[in-house]
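Note that subunit A is present in both complexes that follow, paired respectively with subunit B and with subunit C.
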Partner chain A sequence: MEALVLAPVNWLEERSGIVGAISYFLFRKVPRGTNWFHTLGSATLTAFIVQLVTGVVLAMYYVPDPDRAWDSINWITNELTLGWLVRGTHRWGASVFIILLFLHMGRVFLFGAYKYPRELNWLIGVAILLLAMLEGFTGYLLPWDQTAYWATVVGININATAPIAGPFIADFLRGGTEIGADTLSRFYAMHMLLVPGALIGLITLHLYLVIRLGVTPPPWGEDAEPDEPSPNGRPRGAREGLVDPKPRGNGGPAITTRSGVEE
Partner chain B sequence: MADDLERPGGDAEPEAPPHAAPPSIWPFAFALGIAVALIGLIISWPIAAIGGAIALVFGFLWIRDATREVRGTPSPAPPARDDEAVELEDETAARYPRSVFLEGATLGIGALIGGIVTVPALGFAVLPAFVDQAYDAVDLGPLDNFPEGEWRITKFKSVADEPEDVSRRTAYVRNNGTLDGQASFTIISNRCVHLGCPVQPQGLTAEEVTEIDAESGPVEITATEPSGFVCPCHGGAYDIEGNRTAGPPVRALDRYAYSIMDGRLVLGEPYSVGSVEGEGAEAQITAYKIADPGVHVDGLEQYFYPYVP
Partner chain C sequence: MAKLDNRERYARYKEDVEKRGKPFYPYAMFHDTVMSLVVVSVITALAAIWYFTSGEEPGDAGLLGPRYTEEADPGTTSFVPRPDWYFFFLFYLLRIFKWPESVILGTVGIPTILLILLFALPFIDRRRERRLVRRPVAVVAALLVIASMGILTWEGATAEEPSATAGSVLCEANDLDCEGNEELALGADVFAEAGCLSCHVYAGEGAQNIGAPELTTVGDLGRGEEYWVEWVRNPQAIRPGSPMPGFPNLTEEQLQAVAVFLEASTGGG
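Coming up: the complex of A and B.
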């Protein structure tokens, strides 16, 4: 029975190495004291995946046309089977996503997890936050009701008040000098194609750096990084042995697990 | 090479040249001839004939070169190289090896292809929002609907080729009578210059609506007696000439240029207003190019917005 299960897994591993990579990711060492606060990042990722899945399904029924956008939303919410559930999940999930982003950001800040060598990951996280806000802004227009329309008018005009670039940003968002059919379709394209694509790319980078640099121990734990500089000059990115800046391949620091098995 | 192995004492012998035709320009010329002939087939017969002739001549030269060995004719000896020349070539090769060239070529061609694809797409995403942006003239109907000294709310379709839902705009119109024999109107846009919400007239509004089917789209005209305008979103307030009296707006309400054609009032382009002094036909208006709500057109803050698209 075990052989029956393992045969396809081995087949896959031999040809792609993907099984080893996944088990490396899932069973990598984390510092002592890792706790529930460290799950906020994964929770945010989960919220994002929920938005992706529900968004893809909503796109099958939504019509980004000024004459029909509101009708299609009404149809999804009130007529289609389970439409209320998927739209509701997408609508409330958006808020959950943003709230979790901020909680995750707070955890990173309070644990000092933005410090060397993880500054770059903080910057990527800020970009993710801004794009998530853009998702919220562009998604808000799509129901095409009075609230959506006037909130977007005000939102675009707030952008217009930025010095120098403001009027250009506003014209770009509107697709012209006045809000119109182009505004709705370009908000839709940004909301479902441009920004999610960029988000997926940045989240991939974000996770790569998390795996490469390791989890930050909480400041109160046994593994907490002391205030004075590291004696051996190595980054205190994680527990001793997690980050080993020995040059290899492209010259970057290699990641080895405690047992010494290279990735 | 098989030849080398069979030759006794091969080490001392100079290496035989590879069995390949010497470098030749003829294939290129031959291909050019074929291309010219094909183009000629479409454009004109004489060009096709010229192309055919080119292909024939250079094809013959190419075949003559390529078959030289088979025919037993010795190929012209390559120019003798002295040691210095060989050394120089090796040095050049070391400084600029083939792999470097291929690397550069791959990156360069990749960047070129990327640019060819990206630049037009980026331009298409951005430029339409800035190019050919004009305001359509809007026919508001006969002047009889605008009695002297009274305000009218007009709702109209502002863009000819957009659905009415998204292109309906509102303007407040007052006939000021005449100034120096010219008809004078005050036409105020209802777009709040704080953040763009629709300002409302403060005062009684008639229930009766006059509907006109103008060429530029349907127009609704309603009588009103405003004492000023107030925005529902953030409480911006304006007096009857559009000057800010309270709240967050940064300038006076925008106005529309107008003209009178065949006894009908026609809206032109909107423009932004710094402030208005005086009233009615005698009002002195400091006018600026139309700007987005929230954008300062006068005062020190205008220098925050040096370019307005």
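Coming up: the complex of A and C.
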């Protein structure tokens, strides 16, 4: 019986290594101090997945055409069974996603989690934030109501004030000199193909680096890894018996270097 | 040396986590799952509140705003643009700077500088120290950023929308004799009601810095009335790529009156 379950698992593992990867992910060690603050990243990921799922459903009913876009949004909201829920979730999920991104970024900043060796992951995170705001900007036009239209007019005009590249960016976004059918299909393509694709790639990279580099413990308590040697001259963790306070004959480089600095 | 120190500390962290850490499953995963459920519930609750307190009519707002506003109409001129809330800080930044000398600071300058600082953060702050009490600069900077973003967002959210200004107010503010000139008075009214002030500033009235030039002394350009009639009707015919919307719905009489009004606007003359 056991073999019956294990056989396909082993088959898969032998050919892909995926089972080992998943069990590594699940049973890897995280610092003891890992707490509720550390859930903001996965909460942000959850909000993103909500956007993906509801976005796919909306794409099945939404028509990216200036003559029909508003009607299709109206129909999704008022007629389609549970359409209000899907659209409402997508609409408010976007705000929650952005809020969680900012909270997560604030947590990373206060925990000093952008420091060596996690600098690259900070850069990826900032790129994710920018792309998320681009999602917000492109998605805002799609309902094709007055709010959407005029906010986009101003948004594109702001882009146009940038030196040199500005007018070109504005023309590219509009797909011409006016906001019309070309603008709508352009924003639609960016909103549901280009930017989400880039986001999925960057988020995957972000998670890979989190797993590879490990979780940063909170910046309090003994895990804060102080810059200066502890005042009593003992290596950090000596009290807990984790690190041998006496330099050992074959002592690891950590301890010998440290006592050398202190004396 | 600094690099070696970093590596050494990181190796110690790895060793420490391996020895004393707890497995991700079930401990951290429990927290993550609870938090994710909270997130999904909050989003669903927002959607429900938004839907059940609003009505089917465009603009029929409930606790969380309307389901949609009227269908987009490039011909309307009085709609006041409003972005989604997380762009409010940018939106308000634009009002602080004056067109045209410094508006680029608000649209491009400050956002670009902030972006560069954000990207460069791990390369600016290279110390290993993570305890908050030992990072006063970082903590103060974070508080300042949070406070200024909060204030800008709040100001952007509550910013007064340019209210409808009567034509006579404009005439008075710019020293124009509209009472003695019927066409001038009509031009001022059309100018005020057609929504020019949604983008332009005129004698201190109107939307600051959406990106359109101030028109208080536009008559000094000496373009002539015929030019203004054509320009207001369809700016793209004169300058392709101009961001200004055309006003093809105005009558010839209205266009002519606006042209007279613009030509007469010479700033106290």
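Rule of thumb we're sticking to: the second predicted complex is superposed on the first by the 214 of 263 C-alpha atoms of A that agree within 3 Å, B and C clash if a C-alpha of one lies under 4 Å from a C-alpha of the other, contacts with A are read in each partner's own complex, and residues count from 1 in each chain.
Note that in this section a contact is a pair of C-beta atoms (placed from the backbone, for glycine too) under 8 Å apart; a residue touches a chain by one contact, two chains touch by 3 or more.
This structure is a prediction, so every number in the text was calculated from the model and none was measured.
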| item | value |
| --- | --- |
| Clash or fit (per the criteria above) of subunit B with subunit C on subunit A | clash |
| Touching partner for A:L100 - first (subunit B), second (subunit C), both, neither | second |
| Partner chain(s) touched by A:T46 [first = subunit B, second = subunit C, both, neither] | second |
| Which of subunit B and subunit C A:F172 touches, first, second, both or neither | first |
| Contacts of A:L207 with subunit B and subunit C, given as first, second, both or neither | neither |
| Touched partner set for A:T161, first subunit B, second subunit C, both or neither | both |
| Per-residue contact with subunit A, leading partner among subunit C and subunit B | C |
| Which of subunit B and subunit C A:P66 touches, first, second, both or neither | both |
| Touching partner for A:A181 - first (subunit B), second (subunit C), both, neither | first |
| Doubly contacted subunit A residues - partners subunit C and subunit B | 66, 150, 153-154, 156-158, 160-161, 163, 166-167, 170-171, 177-180 |
| Contact set on subunit B toward subunit A in their complex | 126, 128-130, 133, 135, 158-159, 162-163, 165-167, 194-197, 233, 290-295, 304-309 |
| Residues of subunit A that touch subunit B when the two form their complex | 66-67, 150, 153-154, 156-158, 160-161, 163-164, 166-168, 170-172, 174-184 |
| Touch list for subunit C against partner subunit A, complex | 6, 8-14, 16-25, 27-29, 31-32, 34-36, 38-40, 42-44, 46-48, 50-51, 56, 58, 64, 67-74, 76, 79-87, 90, 94, 103-104, 107-108, 115, 118-119, 121-123, 125-132, 134-135, 138-139, 142, 146, 210-211, 236, 240-243, 245 |
| Of all residues in subunit A, those that touch subunit C in their complex | 25-32, 34-36, 38-40, 42-43, 46-47, 50, 66, 70, 73-74, 77-78, 84-85, 87-89, 91-96, 98, 100, 106, 109-112, 114-119, 122-123, 126, 130, 133, 136-137, 140, 143-151, 153-158, 160-163, 166-167, 170-171, 177-180, 214-216, 219-220, 223-227, 237, 242, 253-254, 257 |
